[in-house]
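Consider the two complexes below, in which chain A is the common component and chain B and chain C are the respective partners.
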Partner chain A sequence: MRLRPAAAATVVLAVALWFVPEFADGFPIFYLLFAYNVFFWIAQASSWNLFTGSSGYFSFGQGAYYGVGVYTVGVLVAKRGWPLLPTFVVAGILGALLGLFIGLIVFRLRKLRGEIFALMTLAVAFVMGAVARVSSTIDGGQGIPLSGVELPQALGDFPAMIFRLGLIVATLAVLAAQVLHHSRLGWGLFAIRDDEAVAENLGVPTFRFKMMALGISAFLASLSGAVHSLQISYVTIEDVFNIRVPLLVILMSILGGTRHWMGPVVGALVVYTLNDRLNAAGLQDVSDLIVGGLLIFMIVAVKEGLYLRARQRPLRAAIGFAVGIGPPIVLGLTDSAITVMAYGLLGAVLLLMLPVTAPVEEAVPVHG
Partner chain B sequence: MSLLSQAVVSGVLAGGLYAMMSLGMSLSWGVLKVINLAQFSFILLSAYFTYQLTVSLGIDPFLSILVCVPLFGLAGMALQWVFNRIRISEFESLLFTFGLFIILESLAATVWTADFRRLSTEQNPYVSESIWIGSIALPVPQLAAFVAAILVAFGVRHLLRNTHFGRAVRALAQDRDVAVAFGVDNGKVSMQLAGLAAGFSALAGVFIAMSRAIFPGLAVEWFGIVFSVVILGGLGSTLGTLIAAVIIGVVGAVATVWGGPPMAPLAVFLVLIATLLFRPEGILGAARRDT
Partner chain C sequence: MADLYFDDVTKRFGGVQALAGVSGQVEQGEIVGLVGPNGSGKSTLINLLSGYLEAEGGKITFGGEDITDRPAHRIIEMGIARTYQIPRPFGTMTALENVSLPLMFGTARHDPGRARSEAQQWLEFTGLERHADTPVAGLNLHQLKYLELARALATRPRLLFLDEVLSGLNPTEITQSIEMVRRIHADGITIVIVEHLVRVVTELATRIVVLDRGRVIAEGEPTTVMRDPEVVVAYLGTRGRHA
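Here is the complex of A and B:
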């Protein structure tokens, strides 16, 4: 397999980021944790988009895979004392098995596969919550304390360690998305997205391809959830198997754009940053309103997503970012680089969302 | 044994409520090709409106039907108008209404907080009233929901089979383009049906406010049940929805007696999986699907 520039750049960037904690002495730890969370959401959004963006099968089930990851660490490491790193792999495999189970049931249907898959995944997180509640080996409704989990020492102190683990998983997810994009599997999935019946007639092994992509996607989501469990001190069913993870992941991918592997990356950065700043400003209550409103707006007005828009109109994005960071810098709000970045991203996003005035190329309807 | 028979009876009655909750979803998905998650918001908001009207004005909770059903019917029509305008696809409708669902749930949490809200016995005398048949109790709110569900399901069935509006709806469900070519006014008919669907959801909300405590997170818990009912019943089939809802209600109630409340969603999910494996067209099958 040929090494593509994007993959090479990703690896180089990841290696460079790996050494950031070494130079972070005297740097607020907060930045490392913030970066970890961005990595976490990049991994989640990329894994979601890896299946849904390419195949067109819409999944609300991200929370279930994520939850399987968290609970695998909770049960095997916190309760049974398994070593942490091998358990991560087990978590990924269990998540993949859940994904394959759903696929096995739904993909054999002849009609309404897409719709039923979407609603089935919507219900499955709730069912997983019920399973965890019934089974006292998993949870039994009590929750599991995770603070006693023994952490690997080789990766540095806690912020450096979680930063690096998050970086590894995010890099894996992004690389997987890139490889898929240029592989037979990816092309087959794109054909399925455009017209499954035609793809099937042309010899695309649709069932196998969908199962493979769903398995990879669920594996990554669950792996990322397992790593994220280290950040949680006490896991409960309500915190894990809820609708927040799928909601944010869907918004990130739709906002960034589902048609390119960069879309979820951009979306994760923008949504997590803005969400974090809203929470820091004590505006959690409006964040759901904004999330829901943005989702509706993107579906109606910016179907291709922000990344492809920004590539078409890089100047707009740059001007928006500059205009965004202007006021906080002038007003002296520079005590947090994240706030300044949030304003910049907000400026770029808003300017990119303005209607485009190039009717000729925009008149072509976006399929899928 | 009497515990089990009581469970079956409450399951059947719960099925009435599930049918009310699912009819709107089934019609909207089966006929309009809109997967409308906002139906759940309509149910939730209607329940809160009923609570608020009863508490603030001291009216009989049944009377709030007169407010909620027309109000949410109009909301449903307005939403369908928007969908017609932007020519929304099935998947876009799923995402659009998911966004709307999140917004409305968050608004409900802002107005009524995340606390449980329950009508007191003075405001809602029906909650403690039961009709007794031998040793089996039929709680009045659930019984009312059950009767209403049967009336509505057969009413809609009659409407769809025997009226001009119904023929137009069935034509649209079979093939929208051909129906429009033959002169069916898609905009008007789809808005009327969407209003009807939203009205059913509002009715379900009234009964929910009368029978239990409500909180904003409740709506998410309905996804599994309503989805199972809609699939088991067959898309757009009113009679199928009613039968499926009763089956799901009984399965859930018996599973609760047998293994405690968390067993209910598991049992329902198993029914759903079995349906998808062996009867993907719904219990009544494709041949009997003339709504």
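Here is the complex of A and C:
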């Protein structure tokens, strides 16, 4: 298999980012933590999109896979003293098994498709939460303190370590999405999304392909959840098995665009940045309002998502970003680079949302 | 030796018996015309024989192998392909991508790059090469029907089911399409064609099978079968008006 330019660029970027903490002395550590969270959401959104974006089966199950990851560390590391790094792999496998279990039930019952899949995945997250609450081996309703987890020293101090772990998982998820995009598996899934019966009749092993994609997606989501557990000091069922994670990954993927692997990456960056800045300014409610509004607008007006729209209109994106960062710089709000970036992203997003005259879909080689 | 045998196949949709035990065979090199009034079960029969739907009863064999319960994605490997009455292209793909898809599966199993280059030849065969990079939304009905053909042919079938390839086309397009079917047949592909235009079927087919209300009511040489009184009644009603 030859290395594609996008994959090569991803690896080079990841390696470069790996060394950022080395040079981060005197650099506020919240930049590293902010970057980690962007990585986390990139991994989550990419993992969701890897299955749903390709196959068209809408999943609300992201919270369940994420939760399995968090709780695997909670139970095996915090309670039983397992070593952390091998537990990450175990978490990924447990998540994949859960995904495969759901797939086995839903995809084997032939008449249950589409909507039923969405409902099933939603139900599973609640069932997982209920199981964790009842079972004292897992949680028992008490929650689990994670602050005592022994951290690996090889990756640097906490901010550097979590930055690097997040980077690894995000890179894995993005590479997986890229490979899928150009593989027989990916094409088979695109065909399933367009017309599953015709795909099957043309030779696509639809059941096996859906299971494979769901397994990979759930593995990555759970692995990412396991890493994220290190950022949580006290894990509770309510914080983990809720609707927030699935809703955010759906939002990010649709905002960025589900038809290209860069879509969830762009969506995660934009949504997390805006969310973070608005929360920092104490505008939690406004944040939900803005993000929700953006989603509605995207679904109606920019179906292909921000990434493909930006590729179509790079000048607009650049101008929007430049105009966006103008006011905070002029007004002297430059205490945080993240704030400036948030304004830039918002400017770019708003300008990209203006109607375009040419039919965008025809000119963009989505699968190219 | 007959290529495709089907024996007493049945299918029911809810309370409707779409096929009430249909038997027959298709031999290598034939062009079988499958005719009958609306709702007689023609499309259902094609759906069962091509593996698109599962038969409830009966047995289907192809080249001596029992394919009754074989999953649809493995039927194509046997050399059976079909087109759809209403074209069903993959809507987010271009014409070329549509044709390259089956080349990644079945017996070919090419990687996406090789599949694309091989798909090109099938677009050329059907005269769609200028539209290779056109998203399917930009194709007209005639082109979509040819795309169906190209996609089916790319699987290199031995037996091809054509479900109303001519419906909705204008006279010039019909003439072109008949020519296309003849070329496909000349390449050694056995054809089963469902068609409403009786004139076309009698002209093309080497044998005709007439279905009515889920049963075979007549079969044989085209001109003889179409004069069969029972067929005339099924088609035109008891008054026997001329079509």
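Note that the second predicted complex is superposed on the first by the 357 of 368 C-alpha atoms of A that agree within 3 Å, B and C clash if a C-alpha of one lies under 4 Å from a C-alpha of the other, contacts with A are read in each partner's own complex, and residues count from 1 in each chain.
Here is the rule we go by: contacts are C-beta pairs under 8 Å (C-beta built on N, C-alpha and C of every residue); 3 or more make two chains touch, one makes a residue touch a chain.
Since the structure is predicted, the reported quantities are computational estimates derived from the model, not experimental observations.
K.L.:
Who does A:Leu109 touch here: chain B (first), chain C (second), both, or neither?
P.N.:
So A:Leu109 only meets chain B here.
K.L.:
Using the touch definition from the top, say if A:Gly292 reaches chain B (first), chain C (second), both or neither.
P.N.:
first
K.L.:
If we overlay the two complexes on their shared chain A, which of chain B and chain C does A:Pro327 touch? Say first, second, both or neither.
P.N.:
Touch status of A:Pro327: no partner.
K.L.:
Given the touch rule stated above, what does A:Leu247 touch, chain B (first), chain C (second), both, or neither?
P.N.:
first
K.L.:
Looking at the overlay, what does A:Ala197 touch: chain B (first), chain C (second), both, or neither?
P.N.:
The second partner, chain C, only.
K.L.:
For A:Val131, is the partner it touches chain B (first), chain C (second), both, or none of the two (neither)?
P.N.:
In the superposition, A:Val131 contacts chain B only.
K.L.:
Name the chain, either chain B or chain C, that contacts more residues of chain A.
P.N.:
Per-residue touch count on chain A favours B.
K.L.:
For A:Pro86 in the superposed arrangement: first (chain B), second (chain C), both or neither?
P.N.:
Touch partners of A:Pro86: none, neither chain B nor chain C.
K.L.:
Under the definition above, what is the set of chain B residues touching chain A in their complex?
P.N.:
Residue list for chain B touching chain A: 29, 35, 86, 90-92, 94-96, 98-103, 105-107, 109-110, 220-221, 223-224, 227-228, 231, 235, 259-260, 262-266, 269, 272-273, 276-277, 280-281.
K.L.:
Residue numbers of chain A touching chain C in their complex, please.
P.N.:
It comes out as residues 182-184, 187-188, 190-191, 193-195, 197-206, 259, 361-362, 365-367.
K.L.:
Can you list the chain C residues touching chain A in their complex?
P.N.:
50-52, 71-77, 82, 84, 88-93, 97, 100-102, 104-106, 109, 111-112, 133, 135, 137-138, 151, 155
K.L.:
Touching residues of chain A toward chain B in the complex: what are they?
P.N.:
56, 58, 60, 105-106, 108-112, 114-116, 118-120, 122-123, 126-127, 130-131, 133-134, 141, 242-243, 247, 250, 254, 285, 288-289, 291-296, 299-300
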